[in-house]
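To start, the structure itself, in structure tokens.
Lettered A, B, C and D in written order, each chain numbered from 1.
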Amino acid sequence: MQTGAKKRNKLATLEEALTHIHDGTTLMFGGFGGVGNPPTLVEGILQKGVKDLTLIGNDAGFPDIGIGRLVSRERAKKLIASHIGSNPVAGKLMTEGKLEVEFSPQGTLAERIRAGGVGLGGILVDVGIGTIAEEGKEKISIGGKEYLVEPALTAEVAIVYARKADPFGNLVYDKSARNFNPLVAMAGAFTIAEADEIVPLGELDPECIVTPGVFVDMVIQSKGVNWKWVWE
Amino acid sequence: MQTGAKKRNKLATLEEALTHIHDGTTLMFGGFGGVGNPPTLVEGILQKGVKDLTLIGNDAGFPDIGIGRLVSRERAKKLIASHIGSNPVAGKLMTEGKLEVEFSPQGTLAERIRAGGVGLGGILVDVGIGTIAEEGKEKISIGGKEYLVEPALTAEVAIVYARKADPFGNLVYDKSARNFNPLVAMAGAFTIAEADEIVPLGELDPECIVTPGVFVDMVIQSKGVNWKWVWE
Amino acid sequence: MGVGVESRNRIAQRAAKEIKDGMIVNLGIGIPTLVANYIPEEVHVMFHAENGILGTGPSPAPGEEDPNLCNAGGYPVTLQPGASYFDSAVAFGMIRRGYLDITILGALEVSEKGDLANWIVPGKRVPGMGGAMELAQKAKKVIVLMNHVNKQGKSKILKQCTLPLTAKEAVDLIITDMAVMEVTKDGLLLKEVMSPYTVEDVIQHTEAELILADRVTRL
Amino acid sequence: MGVGVESRNRIAQRAAKEIKDGMIVNLGIGIPTLVANYIPEEVHVMFHAENGILGTGPSPAPGEEDPNLCNAGGYPVTLQPGASYFDSAVAFGMIRRGYLDITILGALEVSEKGDLANWIVPGKRVPGMGGAMELAQKAKKVIVLMNHVNKQGKSKILKQCTLPLTAKEAVDLIITDMAVMEVTKDGLLLKEVMSPYTVEDVIQHTEAELILADRVTRL
């Protein structure tokens, strides 16, 4: 019966969540420019001393904000993202050969993650044709128009930030902190959600749930942001 | 200034909506087994006498329910759907050569419509490999695994049913009447939404809007369902 | 498919035993719908409806139906706490990602390798595949409920399917009015026989090769 | 890019004139952000932020910032009535479907055919393309705001871009501290000159070939 109970009640501690994240883990994260990165999980990963991560997400945050805290402290060996412009340390590490960076156009990256999340093999996109972004990519013609074959992305572990969660893992987000989070939540083989507020089952409006709990494996209580925003 | 005003206030009458639907129009529709088909638009199309439609949507409804009313009254020359099992008239017309039917697995159909809606060329799916559903489809290998290339679907006109709409075209749906509607709403070159209730701009919760108004071109007031459900 | 009420209920009751606490389950139309009636109260299940609901509850009382709250078969349902609505693309995302623990479907034919045919009888009936291809190909466990033989008295459990397939090597368990059979690497394992039938009856009415379990249970 | 405050504001002010009532508009970071300050009150615009907002409003008053309500540049915004939140996949769905009437971006180089380069300086600065490829390739009208020349005083408006492209033949209008130029089939049309510069100044500081409009306006 324990398995059944665990599938219904996914509440856990930060420590339990961290047992799923090791040196070398492929880790996907929600968030956009720091907004919507899960602060408690990032801090936990830092504290645990995990290294050699392969990170997948929109960007490298800022040096001391969000996922950028892992990047600038050299916890990642590789990053798949759409830009690293807001984190100069990431650029420096890349130039020094300490961080491998693979770029995808932002909308393509979002769709590749979503494709992984819904079990597709990939998507066909015409964005980037005629630029170096098409290099090394297979092309295919649909109705006489050329498209790039963009493979789906998944990860061993996905970490997301939500406004509210229930014990089944149903999630709602907060304003623009939604961004990549619902996509990333679907694309993890093991998805950990950090929520500002954990509410009883049945309390979230079924019409407004953005991520159905079936995609989520674990829910932890957020301790909130422990960094200063760029605009503060 | 009229263009600007029209882009903000998309409220229109059924008659105005019907000026966009003609003999031969490629018409995509939301709904699943009749639930979520837009009743007022279906009735309007019937009354207008439109024929030779190419219909794209999940199914053929029931003979006297939803989109099925157009199919069983021979208003369509072609149907792209995942099944027609609930509408025996559709099966009969197909056998008689009066209706061309193209089948897609349901999840593939949903993703093909979504792909059209978000401007992708198509998707890669492994569903149907090893069956006749793969016939005539291009195959591609991603990481050593075979996928079918499934082209995106769009339509000249898309018709959807919503619970509430505002003048900009923001939509929320009603329970399981959501189904294909949000996907179809994105995939029309011209999208007409029929809503049970039209509310002032700003009244819908921005967190709970399912279809952002930018995808919608016209909003009309629904007159409600004018058929009897199978379970009634 | 011409199975009597009692037999249908017995098949559904047997299928319900496969459903464990905490599972995510999709029930097809026909006999599979009846399975929900036989799940014990202490077994909490999230039912998935591919039109876009996770967490459907029992049928509403007459007069309480909401036309906009129906299962994939078009019949009114209710909601369980923790349920959510989503579009059909997400509904199938769940399926393709393998999050369905069990899917229970009807079939026209099943082969001894677990091939499933249930969407087309060429030249006769072409209802379309609906969501059956995804469900059969992607659910963790695929259970087929059907009559053991067709209207002509011929076995629907074959060495090889004659109809176009819904999915190859997809079925895990077959429950009929005569028997319960598991698809294994070695072949079709006869595990249980429904009374009043005997092992011999089942063998006689099955075109596919059957392996007898060490102990064939009589139900 | 080393453009003075006055000049930045003048560029933004000129760009604002391109924005008409009812448009869906995406503003990039840097000078493009300033454009919002110059849109007349009677011109109602829905601003699109590619992180997942349609309908952002002005910056909040100091102390009223919500860290979870920011634009794509990471700075706090507010909401207009009719606004909605969605995930980044839908945000780019809107872009790829061509629903953005105008996108306003910065650039490192623009060619006379409208090629845009703004995401990489090989071996030096590799910030990544972010959402610029989609925006430049898919918006109905692409407006570039930038300094006319680089720090070395060399033209950023070239016959051919030397840097890797963000998008080919994408730019419709270039607004710099010196001039306003439209990309036409026949080439780059010089339409307006910013004082104190003269047509001759602009020609001298532009590597690309310029076609003079019948009447070059002095701003």
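Following the convention adopted for this analysis, a contact is a pair of C-beta atoms (placed from the backbone, for glycine too) under 8 Å apart; a residue touches a chain by one contact, two chains touch by 3 or more.
Since we're looking at a predicted model, the values are computed, not measured.
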* **Intersection of the contact lists for subunit A and subunit D** => B
* Determine, using the mean of C-alpha atoms as each chain's centre, which chain is farthest from subunit C. => D
* Rounded Å distance, subunit B centre to subunit D centre (Cα mean) -> 36
* To do: Could you put a whole-Å number on the gap between the CA centroids of subunit C and subunit D?
  => 57
* Structure fact -> So, in whole Å, the Cα centroid of subunit B is separated from that of subunit C by 29
* Can you list the residues of subunit B that touch 2 or more other chains? -> 111, 118, 120, 125-126, 173, 175, 206-207
* **Residues of subunit D touching at least two other chains** => 85-86, 89, 92-93, 95-96, 138
* Asked: Among line, ring, star, complete and other, which one matches the pattern of chain touches?
  -> other
* Asked: Name the touching chain pairs, please: which are they?
  -> A-B, A-C, A-D, B-C, B-D
* Can you name the residues of subunit A that touch subunit C in the complex? -> 1, 3-8, 117-120, 166-168, 170, 186, 201-202, 204, 206-207, 209, 212-215
* Parts of subunit A lying in touch with subunit B, wherever the complex brings them together -> 111, 115, 118, 120-126, 138, 140, 142-143, 145, 147, 149, 151-152, 172-173, 175, 205-208
* Structure fact -> Per the touch rule above, subunit C residues touching subunit B in the complex are 49-53, 65-77, 85-89, 91-93, 95-96, 119-120, 125-134, 137-138, 164-168
* To do: Would you tell me which residues of subunit B are touching subunit C in their complex?
  => 32-36, 58-59, 62, 81-86, 91, 94-95, 101, 103, 105-108, 110-111, 113-114, 125-128, 130-133, 163, 173-183, 210, 225, 229-231
* Hey, which residues of subunit D end up touching subunit B in the complex? -> 20-24, 43-44, 46, 48, 54-55, 79, 81-86, 89-90, 92-99, 138
